[in-house]
C-alpha cells in the first residue's frame, strides 16, 4: 500500500520522471481540449451529434480530473492542508460545477458551465510562464498598485472634464459621467473604437491635453511589469543556473 | 493649550503614529467618497432621496475638511507661510466653492461644483505614488519639455501636410488646419476614432510617412518619464533603504 | 573547370569582393522589382501592354534566379546538403511555381502566383537586419513562446467573458465565442476598428478590467524581443568589432 | 567696420551673451508666430481685417529673416561655404518663396505659401531638443534603416495576404494591393480607423497572426530611437558636464 502511494506520488508530483512528465502532458492536453470545446459549444449551428461528442468529452475530462484530485488527496503528507490550499481549492472548483449540475434543473445548467473556466487555473500549476509572471507581479505589487491608482485618478479627471465639454453638444453619447468614463478608458488605452468621441473645439483641445499627459501615465504600470519580469528571470536564473543553456 | 496643539500636530502631521494613520485614512476615504458621489449626481435618473443623501454627505465632507484646514493653520509653526503654501491653497480651494455657492443664486451653483474637483489634489499629500511621480517629472522636466516641443512640431507639420492633401477631397472633414490638427492628434497617438481619416492616395502615403516618423517621436516623452521614474525610485531607496524589504 | 568554379564561388558566396557585391545587389534589385510588380498586377485598371511587360519581367527574373540556383548547386562543397538546406529549399520554391504553372491549365495559375511570395525569403540571405532579427528570436525563443502562451490565455478569457456580457444585448455582433475572440484581438492590441464593441454596462466594466490587466501582458513579448535584439547586437559586435565605427 | 562685424558676429552666433540670447529669442518668437499665423489663414470665416494684419505680420517676419540672412553672410568667415551650408540653404529657402510670389500671378501664390513651412527648419538651429534628436538618429542610423526595412517587408506581406483573404468578400474595400497596404499601415500601427477591416474568418485569423508577429517588429525602430537618444544624452553630458546640475 505504502509503496503504491509512493509510486503515485512520484508520478503526479514529480514532473522530472518520465511517467510524471507523461502525466503532466496528459492533464494539460485535457485542459486545452476542455478550453477549445467551450467556444465550439456556443455556436448555434453545430450538429446534434457533435454536441453529443462534446458532452462525452466533458464527462471523460471531469472523470480524469476527479481521479487526479482524489489521488492528490491520497498522497498529500497533510491531507486537510492540501484540500484548503490554493491548488486544492482550484482542483475542487474545476470539477464541482459538473456534479452540482447533475442534481439540478437543466435550465440553470448554463450558468454552471461558466464555472468550468476555473479549470484553466489548473493550468497555472503546469506552466512556467504563468509562475514567472506571478512572481513578477509579486515583486512589483506595491508599485503597480500605486501607479494603477494614479492611472485611475487620470481616468477620473478625464471623464469629469470631457463631460463638462461634451454633455451639452452630445447629450446622448455623453449622457453622464459613466459614459465619459467609458470614453476615457477607450481613449487613454488608445483603443479608440469610434463609438464615442468629442466634437466640440473645447472637448478636442481637452482630449489633446488628456492624451499628452495621460498616455505616459497609463503606460507606466506596463513598464513596471516588464522590468519586474526581467528581475524575476534574473532571480530564477540565480536559483537554477543549470536550467538555461547558452545558445 | 500648548499640549493640545502638540497632540493635534502629532495626529495630523505624523502618519506614522496610530492616531495619525487613522486620521489620514479617514480624510482619504472622504476624498474618495466625494469623488464617487460626483459622477452619481450627474445621472438624471437618480431619485430625489438619493440626491438628498448625496447633499448631506457633501455638507459633512466639507465640514470635516474645514475643521482639518483650521487645525492645520492652528498647529503650523508659521501660519501665514502655510496658508500660502501649495497644500494650504489646495486645502482652501477644496472647501471655498461650497461656501461661495451658499451665498449666490442657485443657478450658478453648477459651475461651482466643478471646482470641487480641486479637492482631489488634497489626495496628493497622502499618496506616495503621486509624490514619486512628481519627483520623476521634476528630474526629467527639462528633457520632457524639449521633446514635447519636438512632438508638437511633428503634430503641426502633419496637420499642415494632410490639409493640403485632403482639403479638396473632403472639404467638410478637413475644413481647416485645426481639423487637421485634431486628425494629427488622434492618428499619432494611435487612438484612431475613425471620425476623420485620409481617402486620397497622396493623403494615405503622407499618413504612412507621418506614422513611420511620428510614432517614435510621440512615444519618446513617455519613455523619458518611465526612465525618470526608475531614477526617482532609486533615489527614494537610497534615502530610506529600510522601507523596502527584499521579497 | 576547377578555376571557373572557384571564380563563380567567389562571386556568389563572397559579398566582400567587388564582383560579389555587384552580384548580391543585382539579385536584391530583382527581388525588390519582383515584389513591386506583384501589387501592380492586382490592379484591374492597368493596360494590356503594362501587363505584358510585367510578364516579360517575371520571365526574366525567374531565369536569373534559376541560373543562380544551378550555380549554387554547382559550387556547393556538398551538393545534396545544399539542396535540402533552408536556403536551398527557399531558392527552389522561389522558381518552382513558375515552371509548374507552365504545365497546367491557365485558370489555376492565380493560386500559384501566391507562391511567388516565397521568393522574398531569398531576401533573408542578403539582409543583415533579418539575420540579426532571427538571432534575437532564437535567443529569446523559449521566453517569447511562454509569454505568447500567457497572452493567448488572456485573449481566451477576454473572449469568453465578453461573450457572456454582450451575447444577449448584441446577438449579431457577439454571435459566438469566435466573434468575441476577434473583439479580444482587436481590443487588446489597441487597434480598435470599431466594428465590434461592448454596449452593456457590465461589458464595458469587463472591458476596462481586461484592458488594465491585458495591455501589460500583450506588450511583454514585444519587450522581450526588443531586449533580445540588443543582446544579439552586442554578440555581433563582440564577434566583429571592426565592423562598427564609433561616430 | 571690422569691430561692427565682430559685434554682429557675437550677437548672432553666440547664444551665451545677453544680446545673443535676446536675438535668438526674437527670431524664435517670430518663427513661432509665423507658424501660428499659417493655420489661421486657412480658416475661411476670418475677417478681412485679420487677414490684412496677418499679411503685415508676414511682411515684417520676412524682412527680419532677410536682414538676419544678410548679416549671417556678412559675418561668415567663408561666405560661399555658408551660403551652400545646410543652414544657409534653409535660411534662403525660408524667405525666397515670399520674393518669388511678389513677381508672379496671384493665383499661383497658394502653392508658394506651402514653402513657407521650410522656415520652421530655421528652428532647428535654436532648438537643443532637435539637435539631440538629430544626433540620436545619426547614432542609430544604420540600425533604424535596417529595421525599417524589416517593418516594410512585414507591411508588404500583410498587404498581400489580406488581399487574398478579403478581395472576394469585399471587392470595394480591398480593391487592390494598395488598399491592402493602407489597411496594413493602419492596423500594424494600431491606429485602426475602422474604414477598412477584415470580415471573413480567414482574414480575421490572418490579422491575428499579423498582429502577433507585426506589433513587435513595428515597435523596434521606436525602441532603437529611444535607446539612441539616451546614448546621445550621455555623450552630451560627457562633453559639457557643467551644464547639468544634479537635482
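To keep things simple, chains are lettered A, B, C and D as they appear, and every chain counts its residues starting from 1.
Here is the rule we go by: contacts are C-beta pairs under 8 Å (C-beta built on N, C-alpha and C of every residue); 3 or more make two chains touch, one makes a residue touch a chain.
Small disclaimer: the values here were computed from a predicted structure and weren't measured.
At the interface between subunit A and subunit B, two copies of one sequence, fewer than half of the residue numbers in use are shared by both copies. Ranked by how far their CA centres sit from the centre of subunit B, the chains are topped by C. Ranking C-D and A-D by contacting C-beta pairs places C-D first.
Here the CA centre of subunit C is 31 Å from the CA centre of subunit D. Subunit A and subunit D have Cα centroids lying 44 Å from one another. In subunit A, the residues touching two or more other chains are 178, 190-194.
Looking at the complex, you find that subunit A touches subunit B at residues 138-139, 143, 146-147, 149-150, 153, 156-157, 159-160, 163-164, 167, 175-178, 181, 187, 190-194, 197, 201, 204, 207-208, 211-212, 215-217, 219-220, 223, 227. The touching residues of subunit D, counted against subunit B in their complex, run 35, 38-39, 42-44, 114, 117, 120, 123, 127-130, 132-133, 148, 178, 182, 185-186, 189-195, 221-222, 225-226, 229-230, 233, 247. For subunit D in complex with subunit A, the residues that touch the partner chain are 190-194.
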